Amino acid sequence: MFTVTVRDHVMIAHSFRGEVFGPAQALHGATYVVDASFRGEELDPDGIVVDIGRAAAELRGVLAALNYRNLDDDPAFAGRNTTTEVVAKEIADRLADRVHAGALGEAARRLAGIAVSLKESHIASASYERAL
Amino acid sequence: MFTVTVRDHVMIAHSFRGEVFGPAQALHGATYVVDASFRGEELDPDGIVVDIGRAAAELRGVLAALNYRNLDDDPAFAGRNTTTEVVAKEIADRLADRVHAGALGEAARRLAGIAVSLKESHIASASYERAL
Amino acid sequence: MFTVTVRDHVMIAHSFRGEVFGPAQALHGATYVVDASFRGEELDPDGIVVDIGRAAAELRGVLAALNYRNLDDDPAFAGRNTTTEVVAKEIADRLADRVHAGALGEAARRLAGIAVSLKESHIASASYERAL
Amino acid sequence: MFTVTVRDHVMIAHSFRGEVFGPAQALHGATYVVDASFRGEELDPDGIVVDIGRAAAELRGVLAALNYRNLDDDPAFAGRNTTTEVVAKEIADRLADRVHAGALGEAARRLAGIAVSLKESHIASASYERAL
Amino acid sequence: MFTVTVRDHVMIAHSFRGEVFGPAQALHGATYVVDASFRGEELDPDGIVVDIGRAAAELRGVLAALNYRNLDDDPAFAGRNTTTEVVAKEIADRLADRVHAGALGEAARRLAGIAVSLKESHIASASYERAL
Amino acid sequence: MFTVTVRDHVMIAHSFRGEVFGPAQALHGATYVVDASFRGEELDPDGIVVDIGRAAAELRGVLAALNYRNLDDDPAFAGRNTTTEVVAKEIADRLADRVHAGALGEAARRLAGIAVSLKESHIASASYERAL
């Protein structure tokens, strides 16, 4: 199995609802350093899993819709806590939609899966992986 | 699959028995930078795999029993080399016990697995992963 | 010259005023991974520049006053943009006050300087250094 | 499952054929920071997955055959683009050959798999994993 | 003193002349992960040392002239070894020219100095710092 | 000013005397990831501050005398706590002796200074810098 990973980041504000979050129930924020991994069993004739330039561009596009925003105001997350887990899944699902739409090229349609990891600090991260 | 990872560290002394270890048969030590990962198929109603505060606290508790010690004197490892692999498994198993005991909350009982990675330097690490 | 550095982090929301900030004028947030460095020409009789436990505790205390907050609402920054540079200086100055107040011990009063570095992402950081 | 990982690096020149590579079709180069992971279900009587010294030495040996070279001139890659994916697989396969030849010791013959990750920059990497 | 640092990278081929370089006399390559630091005694009215967006854009522009190239063919380095030290100085000097030309804004003309660090692997780096 | 930095590591056991050290008064250990930096105002005719191969070899040699040892038994540190600060200075001084003895070559005698940084974990480090 091959995996190609590209890194970018996003800076957002948000708050959480639920006693489990303690002081994080207040409005605060985070930098998420995002690693998006594309997995496939085989390489295409050029010797790649995915066009890394396109992968980086699609990741940037997906993150641009979240960047410099207060996620509490984003309808996409209405009624949900935007925990690192939830945001990781949202990014992975949006990337999967881009793959299915052909934005990463025809070859990318054969990808086996996507994993998205968000580092929220030097000591905590969350990730979500799914099939394609 | 979701994964949440928290990082902490421990500083220990130990020695190894066996020619394979060469100069590491002498009493020496290590800083282990420890990443504990908790994996689950679903999020709870708060949108989390596990209460990250509790996860960090339980990891800290498990590491406190090892920290600032000479593992050669620790009965838990009697008759065993405290290689990075062995210590990784011990930490993972102790965290699993804490999960089963409910220390990470009721929702954590649904966790699918735990992985523990120990970086012993910038060029070497070992990990152990297990089901819950 | 000796330097001792301890790392911690803080997660905040804020917005910026000024066209130079472009989309960062909107309410967003950041994780700042903070490195606080204490510099001194000589070691004390114990062989340390500063009690690293106290240094870490004081850094944690200074960051606790900022953590999980919207800095736009913090009177300490009224009328100022809370850029990474500004927050680095504020943390350095508060740590300097703690040193002068004796919170890091008598020996720490001989420290030559403090530097505070804030990583806001994997590709951007700012720091401030000052004499004591 | 246990995993032991060792890190080393290699510095190579190469060029790519294919429009997908854009400016990387020109002769350029890369530092690959290489993580080789050895996975096994059980520890040997010494408490190790693999002799980490031997693992590091074999990785170094495999990389020495590539280091300080123009991969465009390496017959091993004739007719293929030496993408990060391709080089990761080549290193993994050569390490697997070394394991099968007994270079990592008899116990290593029980290893379950190998994974090789190449970081080509702070924002891009590729990996290949295979069974043994 | 304030410092703002932005990171980017460049992938180049080159060879060295001189016995001191051993096997690196052959054509090979490197990824340089480049940290460009801008230093100033004071913040401008917006609370910044330098417009970080402009700083990143200028660094990207300077690196674009080197990226995906064989530095042996670059007239700018004719008759010189393109060691990490030499490339660090070249990047710093080109950034200084951009500052003096006003490309980073009027306020940036008050900058005190620039430092450029190039990580060529996980175990080696070189940097050059200069006044402005 | 140019700086060249090489990284290596050492794994040691030790204990501390003094109440300030709390639980670290017990026998424990550490991995120190060591960065040795060599600074000089000018490059030699080959375009280097120092032969990086020799620098890495000398650092390895200096660390070999400490590696896999209990520093409590090392006469070089008799009567002193082997704090991270103390060990950083010892390594810097030993490297300086090697430079003065010509082990890094004649050109290295013109070096301006040395700095040695020891990371003892992901959250704590100490360094010592000195003139040559």
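To keep things simple, chains are lettered A, B, C, D, E and F as they appear, and every chain counts its residues starting from 1.
As a working rule, a residue touches a chain if its C-beta (ideal position, glycine included) is under 8 Å from a C-beta of that chain, and two chains touch if they have at least 3 such contacts.
Remember, it's a predicted structure, so these values are computed and weren't measured experimentally.
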Any idea whether A-B or B-F has more C-beta pairs in contact?
B-F
Per Cα centroids, the chain farthest from chain F
A
Repeated interface matching C-E, over half of the contact pairs identical, chosen among B-D, A-C or D-E
B-D
Based only on mean CA positions, could you tell me how far chain C sits from chain F in angstrom?
27
Averaged-CA centre spacing for the pair chain F and chain D, given as whole angstrom:
31
Measure off the straight-line distance from the CA centroid of chain A to the CA centroid of chain F, and report it in whole Å.
41
Any chance you could list the residues of chain A touching two or more other chains?
7, 122-123
Can you name the residues of chain D that touch chain E in the complex?
7, 9, 11-14, 23-24, 26-33, 67-70, 120-123
Using the touch definition from the top, list the residues of chain A that touch chain B in their complex.
16, 18, 20-22, 80-86, 88-89, 122-130
Residues of chain D defined as touching chain B within the complex
1-8, 43, 46-49, 51-53, 56
